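Encoded as structure tokens, here's the structure I'll be asking about.
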Amino acid sequence: MDNKNIYIPYLMRIEKITLEAPGVKTFRLKFENEQEAEAFSFKAGQFGEYSIVGVGESTFCIASSPTRKGYIECTFRQAGKVTSALSLAEEGDVIGFRGPYGNTFPIDEWKGKSLLFIAGGIALPPMRCVIWNALDLRENFKDITIVYGAKSVDDLVYKHELEEWGKRPDIRLVTTVDPGGETPEWKGEVGFVPSVLEKAAPSSQNTIAIVCGPPIMIKFTFPVLEKLGFTEENIYTTLENRMKCGFGKCGRCNVGEVYVCKDGPVFSYDQLKLLPAEY
Amino acid sequence: MMDLIKRATELLESDAVKVVIGYGKGSSTDRTRAIFVTQVADCENLVFNSQCIHNLAVYLTKAEIKKLGKPAIVAPVPVLRSILQLAAENQLTENDLVILGVTPESQLIEFESFAGIETFLDTHRIKIDQKYQETIEKIRSMPVAERFAWWVKELEPCFKCYACRSACPLCYCTRCTVENNQPQWISVASHPLGNLEWHVMRAMHLAGRCTDCEACYNACPMGIPIHLLTKSMLQDVNENFGTYGPTLKKDNTLSSFKPDDKESFIR
Amino acid sequence: MQTENYLIRKSSLEKLFTNLIGNGKTIYAPKAKGDLALFAKVDAFEEITEDYIVTANSAKSLVFPRAEKLFSYKKSKENTEINDAASDTFPDVVLWGTRPCDAAAFIPLNNNFNEDTPDIIFSKRSQKVLVMSFSCSRCNEYCFCTSVNGGPGNTTGSDILLTKLSEGDYLAEVMTEKGQLLVKENSDLFEGAPEEGKERNLAQVTTRFNQEEIQAKLQNLFENPLWDEQSRACLGCGACTYVCPVCSCFDIQDEAHGNKGTRLRCWDSCGFGLFTLHTSGHNPRDKQGGRWRQRILHKFLYLPNKSKIAGCVGCGRCGKSCPADINILDTLTALQGEPHHG
Amino acid sequence: MSEFEPKIIAFVCNWCTYAGADLTGTSRIKYAQNVKIIRFPCTGRIDFMLLLKSFSEGADGIIVSGCHPNDCHYTSGNFHARRRWIMFRGLLDLLGIDVRRIQYSWVSAAEGSKWADVVNSTVATIRELGPYTDYAKVAGYLEKEAKL
């Protein structure tokens, strides 16, 4: 390990591409090298550096569950140079991946509790990893509630999975779209995530809340959760600062003394409150 | 300079301006630095002497400085030139600025209008220093391969801190070409190619706009003679399109043309 | 290892230089350029200048180059072939004429690259660099090494430290095995230890602040008007960080030429507005004051909290090279006067 | 050793030179095959950085060509371009980037034979100058050694 160049990516072949929403794709990736596949493991919440050689690297989470072996998935929105190049990749192409990096959701500690997932827009992917992780170990948890919102019906990602989750009796799924984003067929809620959450009023009894979304959504969701009776240490979120290296060297993702890439990206709300307002 | 302090005091006291951008004492005896005086009591910190070489006009377009409110700016001739060029490029508004000009004789001369600066600068034309003219001449007389090698070597210490860009009053773009990566016009790396591309790009974007204040050269921590590039281009402007000086005519060299512009190399 | 002392004659330096070149070493040393001295590759002894307090650039690029290859690749539709730059041969370098501050900087640099996750390319480069420093007999108003646990004759980070004695010959202190090897290979040039000590031949560098006190004060100073005030004139360039011998933030960039190319590590600076800009447009450090705070806190709070060593060696380059004359000493001495919060 | 075949990139405007080059072909005028043509809406759109990029990607010579003055499809694009070229040429010359390797021309849609002539003479010039190794060396720097 010590003699390895930490910047060399694994080569991963794109096995499957799913178009999730306009500009949003999911890649299923398989290791080119079997030994690397064997040795690889990760936990819910971790992320990696995905790259196209000659273009560059981009940071996003691993969106598949660690309980699903043999592949990893990532979901990204085409936005900058690297994600634009990734968007052009086809099934069968080889891309680079470095990781896993960062800490994880303490899912083992949540045994016997209820879970409340709250996500907005393109922030469902980091949560999907935990959701599937929990669903694959369903018996370990009590109630599972998912509140997910996007700008419009079109922008909802993982539409098939949402449908599947919606049908399952052991999941309470609340989906919502921003006002104006609904279609005539839309059966879910219309409204912003925090207010929809407040209306849905899931119990905070023995429950962990996991929140992922744009900063503005998170900002308005925390007070709602507190109102619902969640204590700070039972609320988790992820920070998504700009990163380059993934292991605390390149110097840009820190929030005060904390490096999001190394000490994060998963933080409980009480940990977050101790950080300076620099994220 | 008592006049300056007196006038700055008046301006702040009467609330005519919120901040006076001027020069204050620097880190060492041979330096001055930009200071932003917002309190009457601090006006006495203003100084003016031969070490006041920073081009303060650079601050006029900075968002964080603009937030301080209406400024007065201490403006020796190079700063006046930059102000006029910025005005010609619609970056400044006359009423939003008080210009405390300083003549080469260190006399305070307040300008009511940009047109006033234009008239004043008519008698203070840009003149490329003889020694630089000679240096440029010397470089131009080298064989082409030698010239190239000379520049690659001169640009070698450049580590792309972009101090040249940051110190230039005319580099006010909020997002510079080097920061665009689709396409990546300029290599991010400060290797010979990246350096060459950067300095060509910088010089070209200043062609016909550069007022020869030398802020870029003064800012360069590695002492790279990048001002030779803009000076040489200034010579080219003068020779091809008539003597350059900032004007309100809005006829920047590269945003205007004459149907009978002369050249000798197009077939 | 116990420090060993030798004498090396002024007249022997050139011989040493020639021997090193003869042994295939690449020598980087201060070279005069106008009013400045720059660390650069030198091929002849005469190119080296002695007339400098600190060089304009630091010596960090020898272990952390401005742009360095992490790997190269060759790509086809079916295949991507990656060539690890860690298996390259790195040059055998003698860093001649670093100041003790520059040498000390290799410690926090190494911490950044090798704490937690070892960075093999950095290590391989470092192993091949021999640091032969020269003590300071002069200092200027920007110097403050003595405020950050350094000093004009400090040996930290150097393999060999030369101090010019009153007669013009040098005391050579050898601190490491690497240094010992150099002495062994050139044993005819090194004589028994001189009687004269180095102390009276060193510059007097005034202590400007107490680093521990600053560290304690910074603990609760995140929100403070001082950051905006001290950085108001900041132009947002990267000069301070690029001349800094400790600053080691970087960017990872790819360069492609056809189907071949390289992934590079390039210097980057916390002073740039784009440094922390998210793709969404959100920027956690959207003001220059916040970026200046990051620079100070990183050096004087985060690093000492983590590794006991400040991210500053007091070379004074940042202040000297700042185009807006923002001097880190002003901030630090102002902090010294700040009341202790919390 | 095989004879050096110059690699030449031509940046041409859509309305005049591109049509002119087309005419060269349809008129069956033979000319050197060393040129790769890149079509632009107007010479005014040809960024000077493209020229530098061509050299760094291995071009030995460059042709930039568009409508004659007063014939611009967009009225004044070529006038603006002309000023830019005057300035750019001066800068490159100062930097020692060999301006003989860049040929500017006005070739109208009717000047098929002039295009052949421009290409042939540029190829001849570049053939004489040889490959642009000076620039290639600078561009390929990292291939050899990362910069300190």
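The chains carry the letters A, B, C and D, assigned in the order they are written, with residues numbered from 1 in each.
Note that contacts are C-beta pairs under 8 Å (C-beta built on N, C-alpha and C of every residue); 3 or more make two chains touch, one makes a residue touch a chain.
Not measured: the values here are computed from a predicted model.
Peer 1: Starting from the Cα centroid of subunit D, hunt down the chain whose centroid lies farthest away.
Peer 2: A
Peer 1: Specify the chain with the shortest distance from its C-alpha centroid to the centroid of every protein C-alpha atom present.
Peer 2: Of all chains shown, the one whose C-alpha centre lies nearest the global C-alpha mean is C.
Peer 1: Could you please state the distance in Å, as a whole number, between where the Cα atoms of subunit A are centred and where those of subunit D are centred?
Peer 2: 49
Peer 1: Determine the centre-to-centre distance between subunit B and subunit C, using the mean Cα coordinates as centres, and give it in whole Å.
Peer 2: Chain centroid spacing, subunit B to subunit C, equals 32 Å.
Peer 1: Quick one: report the Å distance separating subunit A from subunit C, using the average Cα coordinate of each chain.
Peer 2: 39
Peer 1: Distance-wise, how many Å sit between the C-alpha centres of subunit C and subunit D, to the nearest whole number?
Peer 2: The separation of the two C-alpha centroids amounts to 45 Å.
Peer 1: Name the residues of subunit C that each touch 2 or more other chains.
Peer 2: If we look for residues of subunit C contacting two or more partner chains, we find 61, 66-67, 85, 251, 253, 255, 264.
Peer 1: Counting only residues that touch at least two other chains, what does the list for subunit B look like?
Peer 2: Subunit B, residues with two or more chain partners: 189-191.
Peer 1: Which residues does subunit A have that touch at least 2 chains other than itself?
Peer 2: 80
Peer 1: Of all residues in subunit B, which touch subunit D in the complex?
Peer 2: Answer in residue numbers: 136, 139-140, 142, 144-152, 177, 185-186, 189-193, 196-197, 200-201, 203-204, 207-208, 228-229, 232-233, 236-237, 240-241, 253-259, 261, 263, 265-267.
Peer 1: Where on subunit A does subunit C make contact in their complex?
Peer 2: Per the touch definition, subunit A meets subunit C at residues 2-9, 11, 51, 53-57, 79-80, 83, 94, 96, 214-215, 240-242, 244-245, 247-257, 262, 276, 278-279.
Peer 1: Which bits of subunit B are touching subunit A when the two form their complex?
Peer 2: For this pair, the touching residues of subunit B are 181-182, 184.
Peer 1: How about subunit D: which of its residues touch subunit B in the complex?
Peer 2: 47-49, 52-53, 56, 69-70, 76, 79-80, 82-99, 103-106, 118, 134-135, 138-139, 141-142, 147
Peer 1: Across the complex, what residues on subunit C touch subunit A?
Peer 2: The touching residues are 70-71, 73, 75, 79-80, 82, 84-86, 112-113, 116-121, 222-223, 248-256, 261, 263, 265, 268, 270, 275-280, 282, 284-285, 290, 294, 297-298, 301-302, 305-306.
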